[in-house]
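Input: one structure, supplied below.
The letters A, B, C, D, E and F name the chains in turn, as written, and every chain counts its residues from 1.
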Amino acid sequence: MKNVVTFGELMLKLSPPGYGKIVQSRQFNVEYSGAEANVAVSLSNFGMPTRFVTAVPAHELGDAAVNALRQFGVDTSFIIRNDNRLGVYFAEKGASQRPSKVIYDRSNSAIACAKPNEFNWDAIFDDVEWFHFTGITPALSDTLASICLEACRVAKAKGITISCDLNYRKKLWNRERANEVMTELCRYVDVCFANESDARDIFGIIAPEIDVEKGLIDKVSYATVAKQLAKRFDFQAVCITLRESITASDNNWSAIMYENGVTCFSKKYPIHIVDRIGGGDSFAAGIIYGRLNHFEAQYTLDFAVAASCLKHTIEGDFNLVTAEEVEDLLNSNGTGRIQR
Amino acid sequence: MKNVVTFGELMLKLSPPGYGKIVQSRQFNVEYSGAEANVAVSLSNFGMPTRFVTAVPAHELGDAAVNALRQFGVDTSFIIRNDNRLGVYFAEKGASQRPSKVIYDRSNSAIACAKPNEFNWDAIFDDVEWFHFTGITPALSDTLASICLEACRVAKAKGITISCDLNYRKKLWNRERANEVMTELCRYVDVCFANESDARDIFGIIAPEIDVEKGLIDKVSYATVAKQLAKRFDFQAVCITLRESITASDNNWSAIMYENGVTCFSKKYPIHIVDRIGGGDSFAAGIIYGRLNHFEAQYTLDFAVAASCLKHTIEGDFNLVTAEEVEDLLNSNGTGRIQR
Amino acid sequence: MKNVVTFGELMLKLSPPGYGKIVQSRQFNVEYSGAEANVAVSLSNFGMPTRFVTAVPAHELGDAAVNALRQFGVDTSFIIRNDNRLGVYFAEKGASQRPSKVIYDRSNSAIACAKPNEFNWDAIFDDVEWFHFTGITPALSDTLASICLEACRVAKAKGITISCDLNYRKKLWNRERANEVMTELCRYVDVCFANESDARDIFGIIAPEIDVEKGLIDKVSYATVAKQLAKRFDFQAVCITLRESITASDNNWSAIMYENGVTCFSKKYPIHIVDRIGGGDSFAAGIIYGRLNHFEAQYTLDFAVAASCLKHTIEGDFNLVTAEEVEDLLNSNGTGRIQR
Amino acid sequence: MKNVVTFGELMLKLSPPGYGKIVQSRQFNVEYSGAEANVAVSLSNFGMPTRFVTAVPAHELGDAAVNALRQFGVDTSFIIRNDNRLGVYFAEKGASQRPSKVIYDRSNSAIACAKPNEFNWDAIFDDVEWFHFTGITPALSDTLASICLEACRVAKAKGITISCDLNYRKKLWNRERANEVMTELCRYVDVCFANESDARDIFGIIAPEIDVEKGLIDKVSYATVAKQLAKRFDFQAVCITLRESITASDNNWSAIMYENGVTCFSKKYPIHIVDRIGGGDSFAAGIIYGRLNHFEAQYTLDFAVAASCLKHTIEGDFNLVTAEEVEDLLNSNGTGRIQR
Amino acid sequence: MKNVVTFGELMLKLSPPGYGKIVQSRQFNVEYSGAEANVAVSLSNFGMPTRFVTAVPAHELGDAAVNALRQFGVDTSFIIRNDNRLGVYFAEKGASQRPSKVIYDRSNSAIACAKPNEFNWDAIFDDVEWFHFTGITPALSDTLASICLEACRVAKAKGITISCDLNYRKKLWNRERANEVMTELCRYVDVCFANESDARDIFGIIAPEIDVEKGLIDKVSYATVAKQLAKRFDFQAVCITLRESITASDNNWSAIMYENGVTCFSKKYPIHIVDRIGGGDSFAAGIIYGRLNHFEAQYTLDFAVAASCLKHTIEGDFNLVTAEEVEDLLNSNGTGRIQR
Amino acid sequence: MKNVVTFGELMLKLSPPGYGKIVQSRQFNVEYSGAEANVAVSLSNFGMPTRFVTAVPAHELGDAAVNALRQFGVDTSFIIRNDNRLGVYFAEKGASQRPSKVIYDRSNSAIACAKPNEFNWDAIFDDVEWFHFTGITPALSDTLASICLEACRVAKAKGITISCDLNYRKKLWNRERANEVMTELCRYVDVCFANESDARDIFGIIAPEIDVEKGLIDKVSYATVAKQLAKRFDFQAVCITLRESITASDNNWSAIMYENGVTCFSKKYPIHIVDRIGGGDSFAAGIIYGRLNHFEAQYTLDFAVAASCLKHTIEGDFNLVTAEEVEDLLNSNGTGRIQR
């Protein structure tokens, strides 16, 4: 099977153990992650050959970041090493009525400072079938926006399927700039991922009668969002995750996929959350896995939702389940009976 | 803004990590806390200048106890150091049908052995607006009951608002003695805090048709309790927290405040508990904060309930949230969506 | 009071801390446990004199395994030490839709390699009232099946009550062999324990209209299973635990006991799970405790279900609660109010 | 082999992990130990039947304390449970030029409050060969001093060998009182243990030309101390440990034993310390083991010094080595080559 | 006593537990420290009123950093909060032949981006007796160099004693720029601290016949360095720490102080290291403490060397010892005998 | 650069944290290692392309084992997955006079049960320059001895350099069988590694006047051992590590290399040990690295000794240093000064 390439930032994630707040923690758990890296790791855990492209510093933190991906079999040979810093993010896990909080410290990172000529897209895309990135990558710097565009052009020229998770981050850029850049990039995109608010924030596409903050989700309304997105950019498929937040501890999780005029709706999982960061990335990985394996649309969606449901039960940003474990959930009823 | 003074015991709290039982634990988490100290820390985290008065031993455990408050900006300069021991309490966290358990080892502590002339109330109450203590302090020793009375007299003479959380502890004194002492102290109190059972245990004031042990709470019944309390002691306000225990893991949490013949009722939060110890103290801090800032009665109550709801999601006895985080909960709907 | 003897394997249990998966864990929690050892420890915690019989290696791991039981007062003086290995099992705790997983590495263990003449059943059963084993022990090796039979014969001859938890483990033997061996052993058994699927897997006795995998449990149907079991083997009593898996995090837990033509049904506890391994063993201990103390049938069942409900709130395979704590739950309503 | 009985306080020991100071520690390691308990555990690890007598509270901390001994096979059936507290001691481990520090919080403990009639010495000393206590026990309260005396009387009447480790603790009593009580008790003692300063502090017996604080030790001078002690109380044997403190991290460790006019001198071990608390207790256990097994004097001393040398390499107050491990050290040269 | 002010960066320090390397660590210990903050904390632990001036971000990491100082009683009310990041440094602890490694990630920090008008030196220096900073602060940005100069001018005008630790950091600036800036600042400095190489790196002042890298230190040679420094800048006193590195685990530590033509030489401590970071800062605190208390020169130096010797035995950058503990070391001989 | 292949067992290593003994540990550190895997990881950390060949179980423990190597860039694509168990070894770290202890539980492991036809040596040795194994691999089973022989034959036919570390393990086979098998295998070996005792135990070649157990090492005597080994098997080079055990905490470490009639002697490092397991493997990796890079003999030896010296300062069996860090040690003097 050919490779999947993902491209984006790889950060040091620091988080208080358990439900600790930063002001009370004397130790931080250490992870190395990022939206696109998470997708690569999940696909690799499903058995797909994956390649992750980024830039990290030449010192030990860069080594540790590379090792963190390499342990799961991701090909890290195209990762650039330079003298800039590793972006950091701090994540405080919420519980019940207390929301999770994220503090980003990612300016001037190795990837944000990367130069176009450092990436040999022709080589990177050799023997590649799918290219995935998110809206975070072009938001990191104007140069990265250009690099993303260049990557898309090369990928398109090579007939590689391109997917993008809109992933709007208001602290990285404003809606106008996001709209401008993402509009250009989306012309190359085949499969678009979004959560409940991305389409609204970037493209002003609004689900009728929805108030995301209230935690209420109407899957039918979102089908119209998917349809509008697909129409505007001629996407092959649009996938939207639907997170109903009851509290920080309990969410309902489902998704829809719109393709060729048809919307598939997934089952809705009531999840008692272990760690929800990386949920969207694990969903994207599930969809890419399904499409690369030519699963039917409904099964692809079901697989992706089951995969990302399981991610919510795992500590850390990476989805550590195998394809077999996802299938076990699909074939069972999610009652979690012990497996001896 | 003028200072808030709280007065009481500061203990070493030892607790098995996670849901461990004492008999299986090889490590204990270490905190330094106490009902009145918890109120001071919460107020300080809200930005109020606070002063905590107690006695702790002159050795390293006393230092550690002082530092634990000082880190949150509490003024510890009036804490007395003597040669007695630091009170200890052991807390085993419950889960589901298993209740939390507390073992007290607080006899002969530095504060229980403190002498009246060691506290210069005139200096302690300099530039002070509010004085708070709980029914635990006078229960520690007869001398402390006298000291509390003296503190109330001085505070009253200086026009300081006095609040007291009844906090009946059956292992420290019996109902008769509690009734006797608290009756005398309550004459000085302006704002009274109680939980569902304190008024019954100390003053024999019973909520009609309530069985606290069954976990059923009727907020209207409790309004009559508040009214009776207010009437008997001419309290400015009476605030009662209402905890519906579904299990040790899940509680419903709300409160009422009676003032000038009117009872405000708060929203009820269904809480998936991280740590419930200190819940009542964080509520008192919220009410004091609201009253000192001249919030309206309903908003004061809502703030206090939201603040104490958040306390239940935080490890340790201290409420580590800022006023802004409480307001975020008031302005949201408690669905705990991640904050990036 | 006379001794209870239990006989089976004592393993090293290794488990990732928290909800970690094996592939992400750099530390494993260490326990020493086994179905029959768990029963002995729980009974000892209830104050019963217990004696555990097994074989462990002569080296430090065997010492540690013995100490793990000895700390709870179990008499370990009949444990054999030899040169074989200690069986190991790895347990990954599930959450929400992700099931717990167990990997066994118990072949060629000290107990599996034990020889008949190493056990002096006459001495072991001196001053003994009750003998308990599970279907795991005879499944470990053909020799152990013979040893179990021998133990049953000696026990029966001494008028000792014999109980057996069917505990079918499909990785240890197949249904045919299990049926053959257990049929022979059950002739000696007075009290039979089973979970929802054991009777089906070993003896082909099926609860009408039940689909265990779906998590739906009909207690009345199970009464017919109990009745059939009792009839086939002339059991004094048959006890069946009923686990309704909602998710790996939330289970409903109840049980039935059939005796003399009458089925008792217990209350059903909705449990937010801390650790469910050992739940069945703690139930068996509760029943044995009740019967040895001549409790009434309904109270015996209620006690056993409450005891095993509490086990689900405790980390580790051992049920660390005292009889008093179980009675507290029986006398309360399971709302888990803090005990100060 | 007959039992060894030891009698004294069993405390909760709390210590910062690693080289942490109390003021910086958020977790304490939890142990349950005491001088006489340490001797019992070490003897039990050598394979001797031992019985430990004390009083602990009836609650969970008492349970945990009992379990801590029971795990190593010590007979705890004579331990009294009452309603007083468990003594606590806090230990900060030193390093290099920073000394270890101990804070005691043991007043009003279960054992200090024990009454004479709670101990049935006749039953306790049934089937017993050796009775050991230390100078700490009679220092805990006047009542305990009487109880010790009573125990000695009963033991002596039964022909039991009695040993006592002088173990002077200046925070528990002054030299005068210690001299008075210990003089009376020593009349019953057969084997006396002391460290470099005990004989001086309690009995005013001074080693010529020694300055213990300077860390210089002259073993020959100490022979004269041993001789004087033996003479004054007609001891069968006097054993003195000699600790040369280079720093808190490195000590030289040796001992002498005087018996029948002859002094044996041990080898001196240069120890890089893991944990030195319990060093003296492990030495006493070694001597008792040697004498009970009728080893020759020199070998008894060598065994005890090797055993206690190993204790210094083990975390916690208990000496966890077997007699075989001690013999391995005696038969090797202490170069610590790996054992595969 | 009047206040001591220190001014500099406060960073998040992240370090692998124990001797872990970054590439193998899944948790980092969390501290908040910096050269000048360390001095403030140590002085505060000696009982001096101290005030620390810096800028930190307005978010939770800034809160945590402030709390870290506040717990030890440092006055943090002059700390500025802005929207920039918190500098970070990663420290891997060395052992034996493996050196400790530090990775700095401090560009664009809150303090490096601070503006001159944000600091009200007149208010900061109110009621102040001593001002301390290090060569790291002016190296952080050109603006900070100006701010340091302004601070020195105001301090000098108020008659405040000024001390500076040269602390050359080659990754922050080059020798030329350091020479230029430090030359100007040193005109205001009264007491100068340096280690073996600072004078060489910044001012080109070389100790004759010394090779620092070889770990050989000739204290007499360094007296000439101190003399030259004092002469060039008319320093009141020059203090130089002398570290003889045997390995990363064992150092010899001593210092000299030159004042009024006389050089004092300290005792040399052979230290088995727990954590050496912050050693120089704790020395500076010791000297400042001695001079503020008008100790004699030799005792001041001895105190400072003993204080910093103890720092090497403590985990973390802060020197957690009290003045009494330093005096205990001075009055003993460093043999580290346990203190009960 | 061409690949290095190593072949052997990959085990789960379980070890008590710190200096804990197994009987006192409630957690074990988890590693996955083995002599040949350690060599592969070290070479990969030096930047060499490496390939590790083994068999591990198909379940999660096998995944974790593979990931542990993959994180450091080792090519794991030739690792076989089967249904057998993963070998386990338990390691208790010694200190001072207490030796480290290893308990092996490796029978019937995936690799011990591997079949000859599962390894395609032709493919494995494609594009390979060096093949390394140790005397442990053929000792695991007779089949593995044959497989080793087959691997050597194929490697030799392809002109690949073969190295073998004799690594005699007396618990796996006896001297006679080791002699027989190793004699046959050594005919294919070009570079032979041994420690002080291997040559004696397997081939009866004795260093004159040496008593390894006494910790005394005479490097000249060992030159004669190397010479005899080289002569008997016509080895290209023989490398012998010399460990002088002072205690378990302090060792002197050096080595010799004999080649073409010349013996090189290395510097001797006095090491304060963090973790000594894997020391010999890291030495072998250093020699292989030097030879593959055509370093001079003396520099190759110096590099290997410095590399393995550093290994002793690192927790875990893997040598985590880069070639640059080794060179830094070679270029410095091992005084471990901090690197900022």
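Throughout what follows, a residue touches a chain if its C-beta (ideal position, glycine included) is under 8 Å from a C-beta of that chain, and two chains touch if they have at least 3 such contacts.
Small disclaimer: the values here were computed from a predicted structure and weren't measured.
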| item | value |
| --- | --- |
| Labels of chains that are neighbours to subunit D and to subunit F | C, E |
| C-F, B-D or D-F - pair sharing over half of the A-C contact pairs | D-F |
| Contact-richer chain pair (by C-beta pairs counted) among A-F and D-E | D-E |
| Between subunit D and subunit C, distance of the C-alpha-averaged centres to the nearest whole Å | 42 |
| Subunit A and subunit B: spacing of chain centres that average the CA atoms, whole Å | 44 |
| Junction residues of subunit E - those touching two or more other chains | 21, 23, 26, 67, 101 |
| Chain-to-chain touches, reported pairwise for every pair that qualifies | A-B, A-C, A-E, A-F, B-C, B-D, B-E, C-D, C-F, D-E, D-F, E-F |
| Residues on subunit B engaged by subunit A in the complex (per definition of touch) | 269-274, 306, 309-310, 312-316, 318, 320-321, 325, 328-329, 332-340 |
| Residues of subunit A that touch subunit E when the two form their complex | 14, 17, 21-23, 25-30, 59-61, 63-64, 67, 85-86, 88, 90, 92, 101, 103, 105, 107-108 |
| Touching residues on subunit C, where the partner in the complex is subunit A | 18-21, 23-24, 94-102, 104, 169-171, 213-215, 245-250, 276-277 |
| In the complex, subunit F residues that touch subunit A | 67-68, 70-73 |
